[in-house]
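Would you mind keeping the following structure in view while I ask a few things?
Chain IDs A, B, C, D and E follow the sequence of writing; residue 1 opens each chain.
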Amino acid sequence: MQIEERTKIGYYPGCAITMGSSSEEYGTSVLRVSEEIGPELEEIHDWNCCGASSAHATNHKLSTALSIRNISLAEQSGFKEILAPCPMCSQRLIISQKDVADDEKLKKDVEDAIEMPCNGDVKIINYLELIKNYCMDEIAEKKKKTPKDLKVACYYGCLLLRPPKVLKFDDPENPTSMEEIVEATGAIPVDWELKTNCCGGGFTLSRTDVVLKLTNDILECAVDAGADAIAVACPMCHANLDMRQKKIEKEYNRKFDIPVVYISELIGLALDLGPISLGLNKHFIDTESVVNAFA
Amino acid sequence: MGNKKIGVFVCHCGTNISATVDVEKVAEETKKNNPGVSYTTTYKYMCSDPGQKLLRDKIKEEGLDGVVVAACSPKMHEHTFRNAAIKTGLNPYHVEISNIREQCSWVHPEIPVGTEKSTDLVRMMTEKVRKDKSLNAIKVPVTKRALVIGGGIAGIQAALDIADGGHEVIMVEREASIGGHMAQLSETFPTLDCSQCIMTPKMVEAAQNDNITMHTWSEIESVDGYIGNFTVKIRKKARSVDLDLCTGCSSCWQVCPCSKIKSEFDMGLGNRTAIYIPFPQAIPSKPVIDRENCILFKDARKKNIKPNDSKVCRKCIDACPIAPVKAIDYNQEDEIIEVKVGAIIVATGYKELEDGLYGEYGGGKYEDVITGLQFERLASASGPTEGVIKRPSDGKEPEIVVFIQCVGSRDPAKGCSYCSKTCCMYTAKHTMLYKHKVHHGHAFVFYIDIRCAGKGYEEFSQRAIEEEGATYLRGRVSRVYKKGEKLVVLGADTLTGSVVEIEADMVVLASAMKAQDDAMEIAQKLSIQYDKDKFLSEIHPKLKPVESSSAGIFLAGTCQGPKDIPETVAQAGAAASKVLALLSSDELEREPVVARVDRQLPPVFSTCIGCFYCQKVCPYSAIESEDIKARDGSVIKTVARVNEGLCQGCGLCAATCRSKSIELDGFNDEQIYAEINAVEFN
Amino acid sequence: MEKTLKKENFNSLITGLKDKGYKTIAPKKDNNLVMLDEVQSADEIHLDHVQTNNSVKEFFLPKTEKILSYKIEKNKVSMEEPEGFAVKTVIFGSRPCDAASLPVMDKVFNWDCSDKFWVERREAITVVTIACDKCDSYCFCTSVNLAPDSKEGSDVLLTKISDDEYLVETVTEKGEGLIKELETVFSDPAGGTPERQIASVEKKFEIDKVKPWLDENFVNKVWAEFSTKCIGCGACTFVCPTCHCFDIVDECTMSKGDRVKNWDGCQFKMFTLHTSGHNPRSTQDQRWRQRIMHKFKYYVEKFDNILCVGCGRCSRVCPADMNISEMLEIIATEDNQKE
Amino acid sequence: MSDETKFEPRIVAFLCNWCTYAGADLAGTGRKQYQANVRVIKLPCTGGIDPLFLIKAFERGADGILVSGCHPGDCHYNSGNYHARRRWNVFRPLLEFCGINPERIQFSWISAAEGGKWVETINGVVDSVRALGPFEGYHKINAIGPDASSEKS
Amino acid sequence: MIEALRKKAEELLRSKTVDVVYGYGEGSVPERTRPVFITKPEDVNKLTWNKYCVYNLTTYLKKQEARKLGKPAIVVKGCDAKTITVLIKESQIKREDIYIIGVTCTGIGEPPATKCKACDVNTPLIYDELIGEKIENKEFSFDERYAELDEYEKLSEKEKWDFWQKQFAKCIKCYACSSICPLCFCDRCIVDKNQPQWIDPSAHPRGNLSWNVTRAYHLAGRCINCEECQRVCPADIPLNLLNKKLAKETEKNFKYRSGYNVDDELAMATYKEDDSEDIFK
């Protein structure tokens, strides 16, 4: 372990990936991996919903206040940086910070609502940014297993990159950060076209037909590109590609059977951490092929 | 001096002025209050013939020796009214303009405010007129030679017109051959005649015209001087080929080993050798060595030795049949030559928007997503595919081609908000060329609006739809991505309100026409203005479209803004005619707004004390020192003297001189003092 | 009529004058200058100085003065002469040499036309002079037929008899009138002849020898030798109580303007510049000669008065330390007479 | 609204003929309204504007002055605006040192294509000078005129 | 020091290297000295040197009356010598036309002039002959040299205006400030130009403000801080504050100090592409 004290950054899980939630495997794998490499994550005490879901569509002030409260809590416990692995949360936190910075009146209202000051100089990062900024050398250093020609299609979805003027993360049209991480784990990233196409997101309940069409195109394109697995960094994309895969296969009577893993799980496998501890047993499409590739 | 009889003519300008300024009241107030004003009137259109006649008559009848015309901006009609005065014998520099339209009636809606301000502006000018002195035009010799910067169709046409007018022309072209972008086109709209056929004769004519001296592979280093007397330094970049000896026999570029260099002329679709001529009909058809990619020069650079000493590859020089001295010379250096010219025409053309800017359409990653000019090369008989439409990736004939309009144009987010004017026409042409060559193929065109407004243009685009069967879809394309062999084009068709997904074999982007990268540099070298999109600015969009803000420098073609070939040629002719007018007289009359150093009778001689601050600040080094000598030859004092020929009338010296011993005619101390004095706010 | 003025009564004098509607001018300290200026109370008055930097001339011939103003409305010109510029004033504490300059200049200002600006101010202003009880090396009043306690030009002369008491001698009716007006402020003399503290000013040159030399020596190399160091700045003429040259200039805007009388001086190189460019006095020695000639020859011939009261201000203020009494010594000394 | 109730600042603008004057014309052709408090004096170049002009403008009752010309590099006479820039970098602090509020003298670069910027700039100057109020100091010494000695300020 | 000065002057006059020596002579009172122009070798003992030699003799290099006496040798302190550098750069005199007798000086005037507090030219930067041993010129920081201004720069806008109005009101337009200034050498000064009359000649507040501002501005980047204008002003106006403020701005903005180097370009006659433009919108 390094001698000097590891940098500590705030960890904001959000409702989707916290313990006991529908995509908790993303959360558990992120925490498990952070025990080995990268900065120490400390969950923000008394965090609340980031106001992503319907809130930001219906009540702008409410959703902003919800986000800012989390940031102010982190500030008070002295964090300069907050990791929000779920892109919906990181996007919401960053946009709220910007809205408050641009609109004095909104800032005052929000501060009154949360009874805490917010001066907004805390940096919000997503999981890919965390790995790229802190862990690239450590992965290379601590990698124990290299998978045998495991071809992986990296799928970014939309919230990680858009709106580009605000998030300013990677190249919104042709991102490469996940590919670099996948390469670091020893797997082989494939070149495919739809890595930034939308998977239908929240419409998965209201307009399942549209989601089926979009996710089918994505899976089809990934399989055609020769991918053995799809890596994601967003619980919503994972849900639409993994949970829905059986229904898509039935709808378009085509066999995909392509596992959808989180990038944190891939890194975990490369560090030879137990698959169960990474939550790999909680997927709809069996991730066994990926685990064996690392054997 | 002070008791001039001044006439004030207040113009209605139709209703442009009289709508928000009570012109009668202005005239009346002026007559009542302004000293020296003996005659005032108002008229509907001062700039019209009757208006000017009124002016001329009143000058004679009333015996006026000072005139103030309160109308539009002096930039519009100062010249008109001063010429009218000349006809009556009144020195034009006793005529001043009050700008009560652009800077008053048009921008201040309330009548009382506009009227009061106009009265003030008129008073400022009547006070200035009282201090005006007669100035006579300065005669300056004219160098009977013109310079044309740029060898595209605009430059060639202008050079030919001037040469036919009997004057010498120097043409400077940056590339190895003249021809510009037009040479790259296959057929040209609306007549579909092949660009090579109509342009090559003109290029040859220009080459053979003994009035035209052509400098290709050369750039403008610096431009000094002023109208009629420009001194231009031209950098003739080292070609490594001696133009006089070389006969263009092509034996050298046949043997050149490195032939995988992307040809700029073919927009990267074809390759060329290190020693090359850009295209078969190049003028001069003599090669140039690309020192970046030639392995001999690379080796010389690596070893830091003289190029000729490197022995890595001597194929071209060995193959050169010219004896006894070879036409190829590796050690050739850049050469700076200086020429004197009387007028300059800027015809530096445009640059096509690089497709890398559009990530949504593959951002330069997909070989089969090409730009308009690249399609021209595919369709051109002298192109890399000899006119056969093939996909650059695998050479297959594309069954379905999607043309996307307005790529870059009309898109402020991508930096140019203007319409590039020619894409609608050349895309329609592209669908025709495609259908003529691939009969069973199908062309889709995504457009916002079809703007084919020239003569025969609308019929041309209708023909593309009705006869050639191109499918025009009104909507924008959101994304192009590769799917297997195909290119999936996701777009919208707003007329049917549906999402469109086309699996195409090839996509052609109608890329925007942008200003050259170094447009700003050229503008600053010539000290002419450029607009927010870096296109060169004309003095007046309607009345002086081909004149730049610097006297003696004219603009032609796309460097001034997007336009098609007919318009470019028309502008070239217009610019040439302006130059011919300029060069037609032996002497040029120059604005007599020049600086003048105080001169008095002895014993003072001059209040100038000879500190020469003026000489140090003058941008045109128009100020010399002069020794005032006594009869016995001893120097009494050394003072400054202005060379009227060089002085451009900026007034820098007058503002720097501490004792105000040097003043600018037309803006001298008394005139400016009178204007400030008249600003009095009551 | 003999009276005395105690120092502690200064305050009642000043307030008394104010009540009677007089404006009071007295020497005032202004960091390292002592200037004659308007005072409101006695403690502003500063008396232990040799000579004030500015002279009384400033209150009779101001450095700049509007003598006429005009307005142009609707091409019609309306003119207006200034009124009320002469304010009832008492100058308290001027020196005898300053006061002596007034009658000398009365002559020129009432010569071919009486200058109402000068004359009306002369009537309105009462001059209360304090005889000099000390002097410095620049003073040469005794050399120009004056003395540290001469009465010329003063309305009332005060002479210091003890540290806090001054002997009051009225010179003119105006002076007497003033004393009567403020009877209470003054007190009767203690009796016996009071011991008057008067400075003794050493005589520098024989004034009678000056004019005869000047009559003969219009051309002489001493002018150039002495005045090489003069930079032609004109400060001497402005601080001099007897220099009275002025220039008239119109300062106007479009609709109104003022005709203004400003101090001018013969030491400026532009003073005698003709529009043709010719300058009769183009070098500094000619101007320096003109200064001496005008004061000690031309004015004497025309008005039988020497246009110099020996206050020494010009020598004190001169940047190049050109001392006028030194020049006159050269002129008046024996061997110089012959050349 | 007569003069007394609402103070209308009086602005004199010295404009260079090639850029800002043309920019102002462009604002005209674009019919962009702006406040009428400005009186424009056209000169060939900002390099030809002497600080004496500014003092005289204040002496004739101006409350604020704008000097505007071509952006550095664009000057029609190559270096006119560079010299002007150097001149104002020194003259303005001198006036500020003498107690004249620097907001009363404003400088800007406006090209012939920036009609909008001309309107913004001139409205900005009028508003900032209106906030400062009339130039009391200078109006007082303009009024005093020659008989200063009798009326002590 | 005085003996060496006289010996040198005599030697120069005897050898006809120069026709006249501008120096300092006894004044009308012990606390003053006056400029003397020695043309005959036997008069050299009129020359003296003491702490009252405040005069900047270089002003006579531009006065015809003095130059009529022939080729001059001139006694200069460090600050006066800087004037010669500026006069040469403004082509008013040629270096070879004058013989410079430099005198080392550690403070002049009683009490010492403010310029001497931060004087970095104890030994003149330019001379043909040096009287007194060479003193190592000290370096002073930017703030030390302009410390005198801080007190005035801190004033509020109103206080500044009132202060200067009170000072300018005293001005009597005698023009001693520009007559003494060696760099105010214009034959016809701008104030003498009456068509048009840019600067009112009258001594009222309006005329005084425009005169004093213009006089100071015309010395921007030129004044070498010899403080003579302030010394000779009969109205005791702190004129050098204005010149010093301009010198401070010139040095801050253009890194230029007048009179130190004969080769670099005059501040107000040149420009740099990257001159500061934060006052420009």
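Quick notes on this structure:
Note that in this section a contact is a pair of C-beta atoms (placed from the backbone, for glycine too) under 8 Å apart; a residue touches a chain by one contact, two chains touch by 3 or more.
Just so we're clear, the structure is a prediction, and the values are computed from it rather than from any experiment.
Here the chain-to-chain distance from chain D to chain E, counted in touching steps, is 1. Looking at chain A and chain B, not one chain touches each of them.
Taking the mean of C-alpha positions as each chain's centre, the chain lying farthest from the centre of chain C is A.
Two chain pairs, C-E and B-E, are weighed by contacting C-beta pairs, with C-E ahead.
Among the chains, the centre nearest to the mean of all shown protein C-alpha atoms is found for D. Rounded to whole angstrom units, the spacing between the C-alpha centres of chain C and chain D is 45.
In terms of their C-alpha centroids, the spacing between chain B and chain D amounts to 33 Å. Taking each chain's centre as the mean of its C-alpha atoms, chain A lies 74 Å from chain E.
Separation between the centroids of chain A and chain D, computed from CA atoms only, is 57 Å. In chain C, the positions touching at least two other chains are 63-64, 251, 253, 260. Counting partners per residue, chain B has 604, 617, 656, 660, 673, 677, 680 as the residues that reach two or more other chains.
Of all residues in chain E, those that touch two or more other chains are 188, 190, 198, 202-204, 268, 270. Here chain C touches chain B in the complex through residues 72, 74-75, 253-255, 276-279, 282, going by the rule given at the top.
On the side of chain B, the complex with chain D involves touching residues 73-75, 99, 101-104, 106-109, 113-114, 117, 120-121, 124, 524, 527, 529, 531-532, 537, 549-550, 593, 617, 619-620, 648-652, 654-656, 660, 664, 667, 672-673, 675-677, 679-681. Residues of chain A that touch chain B in their complex: 171-174, 193-194, 221, 224. Remark: chain B residues 32-33, 35, 123, 127, 600-604, 677-678, 680, 682 touch chain C in the complex.
Note for the complex: chain D touches chain B at residues 10, 12, 18-19, 21-22, 24-25, 27-29, 31-34, 36, 39-45, 47-50, 53, 56-57, 60-62, 73-80, 83, 87, 111-113, 119.
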